[in-house]
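Structures follow.
Next come two complexes, and both contain subunit A; in the first it sits with subunit B, in the second with subunit C.
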Partner chain A sequence: MDDGENVIELVDVRKTFRDFWLRPTVNAVDGLTLSVSRGEVFGLLGPNGSGKSTTIKMILGLLSPSAGKVSLFGLPPRSIEARRKLGYLPELSYLHPFLTARETLTYYAGLCGLRRSVAKERAEELLEMVGLSDVASRTVGGFSKGMSRRVALAASLIGRPELLVMDEPTSGLDPISTKEVKTLIKALSAGGMTILMTSHLLADAEDVCDRVTILNHGKAVAGGRVSELGTSLEEFFLAKVGDPGDFKLAGFLARGDAR
Partner chain B sequence: MRGFLEVFRLEIAALVRSKTVAMLSIASLAWMFAMPFVVTGDGTVEGERELFIHYSLGGVFALLLVALVASATGVLARERTAKRLQLTMVRPVRFFSIAFAKTAALTACGAAVLALATLVLAVRTDLARPCSHVLKPVMPSPREEAKAMYRSFMEDPNTPVQVKSARKSAVLRLLENRAMDNYQTIGTNDTAEWKFNIPGETAAAAVRIRFTNQFDMRDDVRGLFRLGGLVGVASNITQAIVTVPLLGAEQSSQETAGDPSTAEANQASLRFENRGKRPLMLRPRRDIDLLQPADAFGWNLLRTYLELVSILALTISFGVFLSAALGRPVALFTAIVSLLVGEMSPSVVEQYPDELEKDAVDRIGLVLTRFAAEATRPVSALNPLERLASDACVERKEVARVVVLQLLLVPVFLSLLAAFALPRKQDDL
Partner chain C sequence: MGFRSSTSIVKATALEILSEPLTLLVALAALALCVFAPTFHYHQFGEATRMARDAGLSAAFTGGLVLAVFGTIRAFRREMESGTLEMALSHPISRCEFFVAKTLGAFLSCLVFEAIVFGTTLVMVEGAAVGGSLAERTGDIARIWGPCVAAGVSVMLVPLMLGAFLNRFLRVRFVLSALATAAALACAAGAYAVTRDSATLVPYFPAILPTIAFMLLFVSASAAFAVRFSPNAAASCAGVLFAATLPFAGNYYLAESLSHGASVPPTTVLLSVAAALPAIAAFFILGVKWTTEKT
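What follows is the complex of A and B.
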């Protein structure tokens, strides 16, 4: 796949956080180079503090890299054109608690530049898809974590993005919803959407990702096509990261989910 | 534009559903209705009316200013902390639109509540009551006068060495401060003359004046005012502010515009002949106003409302900018301190002249206070409520300037700065 088809491209990206006196405190990302091709489901994996969220925020244009280059569709991530093609599902839902589910979706549709009538139509369609049609007029402040997650998922899809960035997409969902989300990811990918996701649940990543990169201490320590790893993703991961710590739990959860 | 509208709608929904608008409306209405029972004037109907107008709308304005600036300082900072802002920032909407829409929504909320209070005031006052243009004599600016005085001091061999060797800027500032209080003396049977720039025709006019004398005692004032063919007779006591109507036969506009041989275009000369027994004194910059009929109180109230909304917009946009660049507690602290400094610095500068700059701390404090007074002068110099209460016309030109500058240009500029700060502040998280 040549460079022209890369949706996301990071070249030798570094991010150093500094304190008030501009002294470096943390090297969150250290010389990361990766690219995600059109239509791919790409997994960014790693233990806590490995730099996944920082990388995602740089891809989204929420953080500026200290060095290196980040581009989306060949454009700077903060350009309006790049953001027009972008959808984002954060790790937690972060919804406006005073808006109803329907208003939440029409708000984000409006931000994507959709006309009011189209926005309403698409909101209904997505509410139906995430199974929240009957509570569409309730304020999301009263929703359970799982319901909020569904609203956030619908909101991330409202602009029909070409690239969907999902931070822990199955976090807070029950097993049935998790399975539905994984099915949805596969369907979206089959429809041509590029997906970048992070996950602690290695079984989830294994199920849906075409390719993964494993981050540790801000560096890419391993990566490749899931189908070509020759072992389970969990075993591969533990072998590469070395310090299983946090991922004992991840592995346990993954096994539990598989049962 | 769609992004702007969406963020605007969202912010309005937040203000309405969090009951902020309702609470502000209730508090404002309660204040408006309670004022007549609280206010104790000088015992006259006019005095009570003036106090009611000033403090009822003034109280609501102060409440809105504090409440909305406090809200403005949280409008982006709180959303950033709650991470909701990032969901808006990753959409194809300009950061400027986000900041400007939030400023506009808070301003709209303030404008709506203030409109409610203004409506109550309109119902409780006589909207047809006439107002006056208040004209000041045409004089060199205090700065120009101070420079001229400084030159003459330097040329005068009798000027003390301490004055000659003092810092020029300090002496000039001192002289400038005092220029406002320079007295003019009008001897017995002498005639004083002041020039006024008169907009339009002077169909009728009055002079509002306050005399004193060198003994600072109450004494009879007798004299005659002339403005073109209009005549007014002053017969009162010193130390009191008197309004002398200028009356005369039907005048042509040319006559009433003053004596064409001596007056420049649009300028009229007001003369006063002192026919009393003692010389009279007055401070021309403070003690004499020429009053010309203007439109009704209702229009003045509308113009005052526009000026107040513009001041609200300016302070809200400052709060939103702080919110973009700082965390909530720091932004709130900075905004409140800025408001207090802006409010207090002019009187501090007036009360503490340079002679008091004895030690370094005082000097630094006064320099900073003077800077704050200068920086906030465009807002602090406006006093629409005082003029509304005293039936002085809030001039259209001034309202237009304030609306363009404070309701539009400054909020746009501060929103651009906020847009610049937004992604950079995100880096700190």
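What follows is the complex of A and C.
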């Protein structure tokens, strides 16, 4: 694959969730078309319920689109070959509470098909990188949110992926850890890794993303290179999406109904 | 199917189930049944050996079934509800591979449980063979059964103490280390008993096989139910399956004849397969197909 070729490609993708009787309940994604090039840091932004997580799950092959085409490295997302090049950091740090930090990383290394010796070596390397070497033998069920996040981050990198999908990567982290994660994203990108991230924190996205797409009600309402927006990402976002929730709350408070 | 990824899932699932307090409680209850049931009887009618064997096989059967159903359902539901399933499926493994490997992991943890109970059963049978009937004749129950009960109680207490010690000083997981120690002790004690009286005890090995086959059936069915239904509904489905299959399985009669060196009658095999069909169908239709097509 040459540089500039699309690592992720979505063409007119739709996802409709249905109830038990197959009646449509929600159009989570509605005709979304986007592409992410190799080496790019791409931000998928949007308010809650805009379809970001559904889009990510379709890219990961966890959900099938109702219509349209999703491809990963030119392959279907459920292809084992495509997944070999993929790392995923979910919004909540999904970890097995009964495994230690070291066992967690070795487990995910095993899922990547790494040999035991390589898995152990890489687990130690990543534990050192995320600053958890001292607590590597403790079960992750007793970890704080920030520590769990670090373990999940290390787990997403254990297969040395070419594409890293990060759902709210700075969620639940303190300012220092947030800065470290942003530095890490920049370092990974400089090393040639393609990164797709979602974030509610527009300042974070602005700091690290090369290009963004803003979703609202399952549709791409705007997008472009961050350096070419001509305004701050937050102003751009509010201009495209608005903030009806806050306006309603302001009106509610102004009426003096809040007691 | 990737061998390394499957092995990882099998190992993690077995670790998960063997780290649960529920597993330790079931194992302790089964051991208590195994050790005390044949010992404290007013009359044994000269059948102390048989009583020890039946108590052990009953403990292996009932405890194994509880573990097979609840351990498997809990492992699968936790995987789905906590989101670790999504994390795992973003790796280069197929859903079918994940489902089958996780089921095997649950079965492996049940095998560890069976090793603990069966090893202890062999010790108790050997103890009963040596002194059970003599104890009844002479009335000196404490002296003759004493060493046997002491061995059985050791299989229960030593692991707990060692587990507590390892947890306190080395931060090793209590339940896991206690169960690993119990398995090691029971296997060693069982092996010692077999070397003392192989003619009596070796024929007991086939007697545990129907229980293990039955457990594989329930692990598979529970895995399939857990993937599709809520935990309570899945446990209810497993209960219905239990009621439907128990009369056909004929576990105790089979164990009785097998421990006397008989072979399994073909009609029993056919009936057992027929009884297993709902579980096999559930495994493939609800489990494998569902995890393949939908999240």
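Here is the rule we go by: the second predicted complex is superposed on the first by the 239 of 259 C-alpha atoms of A that agree within 3 Å, B and C clash if a C-alpha of one lies under 4 Å from a C-alpha of the other, contacts with A are read in each partner's own complex, and residues count from 1 in each chain.
The definition used in the following text is that a residue touches a chain if its C-beta (ideal position, glycine included) is under 8 Å from a C-beta of that chain, and two chains touch if they have at least 3 such contacts.
Here the structure is a predicted model, which means the values were calculated and not measured.
Asks: Mind checking subunit B and subunit C on superposed subunit A, clash or fit?
Replies: clash
Asks: Where does A:R149 make contact in the superposed view: on subunit B (first), on subunit C (second), on both, or on neither?
Replies: After superposing on A, A:R149 lies clear of both subunit B and subunit C.
Asks: Using the touch definition from the top, say if A:R122 reaches subunit B (first), subunit C (second), both or neither.
Replies: Touch partners of A:R122: none, neither subunit B nor subunit C.
Asks: Thinking of the overlay built on chain A, is A:L99 touched by subunit B (first), by subunit C (second), by both, or by neither?
Replies: both
Asks: In the superposed arrangement, does A:R138 touch subunit B (first), subunit C (second), both or neither?
Replies: In the superposition, A:R138 contacts subunit C only.
Asks: When the two structures are laid over each other on chain A, which of subunit B and subunit C touches more residues of subunit A?
Replies: C
Asks: Would you mind listing the overlap between the subunit B footprint and the subunit C footprint on subunit A?
Replies: In subunit A, residues 57, 60-64, 78, 80-81, 83-84, 86, 88, 90, 92, 94-96, 98-99, 103, 107-108, 110-114, 155, 159 are touched by subunit B and also by subunit C.
Asks: State the interface residues of subunit C toward subunit A in the complex, per the touch definition above.
Replies: Result: residues 2, 4-5, 7-9, 11-12, 15-16, 19-20, 82-84, 86-94, 171, 173, 294-295 of subunit C touch subunit A.
Asks: Enumerate the contact residues on subunit A facing subunit B in the complex.
Replies: Within the complex, subunit A contacts subunit B at residues 57, 60-64, 78, 80-81, 83-84, 86, 88, 90, 92, 94-96, 98-99, 103, 107-108, 110-114, 155, 159.
Asks: Sort out for me which residues of subunit A touch subunit C in the complex.
Replies: Subunit A reaches subunit C through residues 57, 60-64, 78, 80-81, 83-84, 86-88, 90, 92, 94-96, 98-99, 103, 106-115, 137-139, 152, 155, 159, 165.
Asks: Give the list of subunit B residues in touch with subunit A in this complex.
Replies: Of all residues in subunit B, those touching subunit A are 2-3, 5-7, 9-10, 13-14, 17-18, 82-84, 86-94, 423-424, 426-427.
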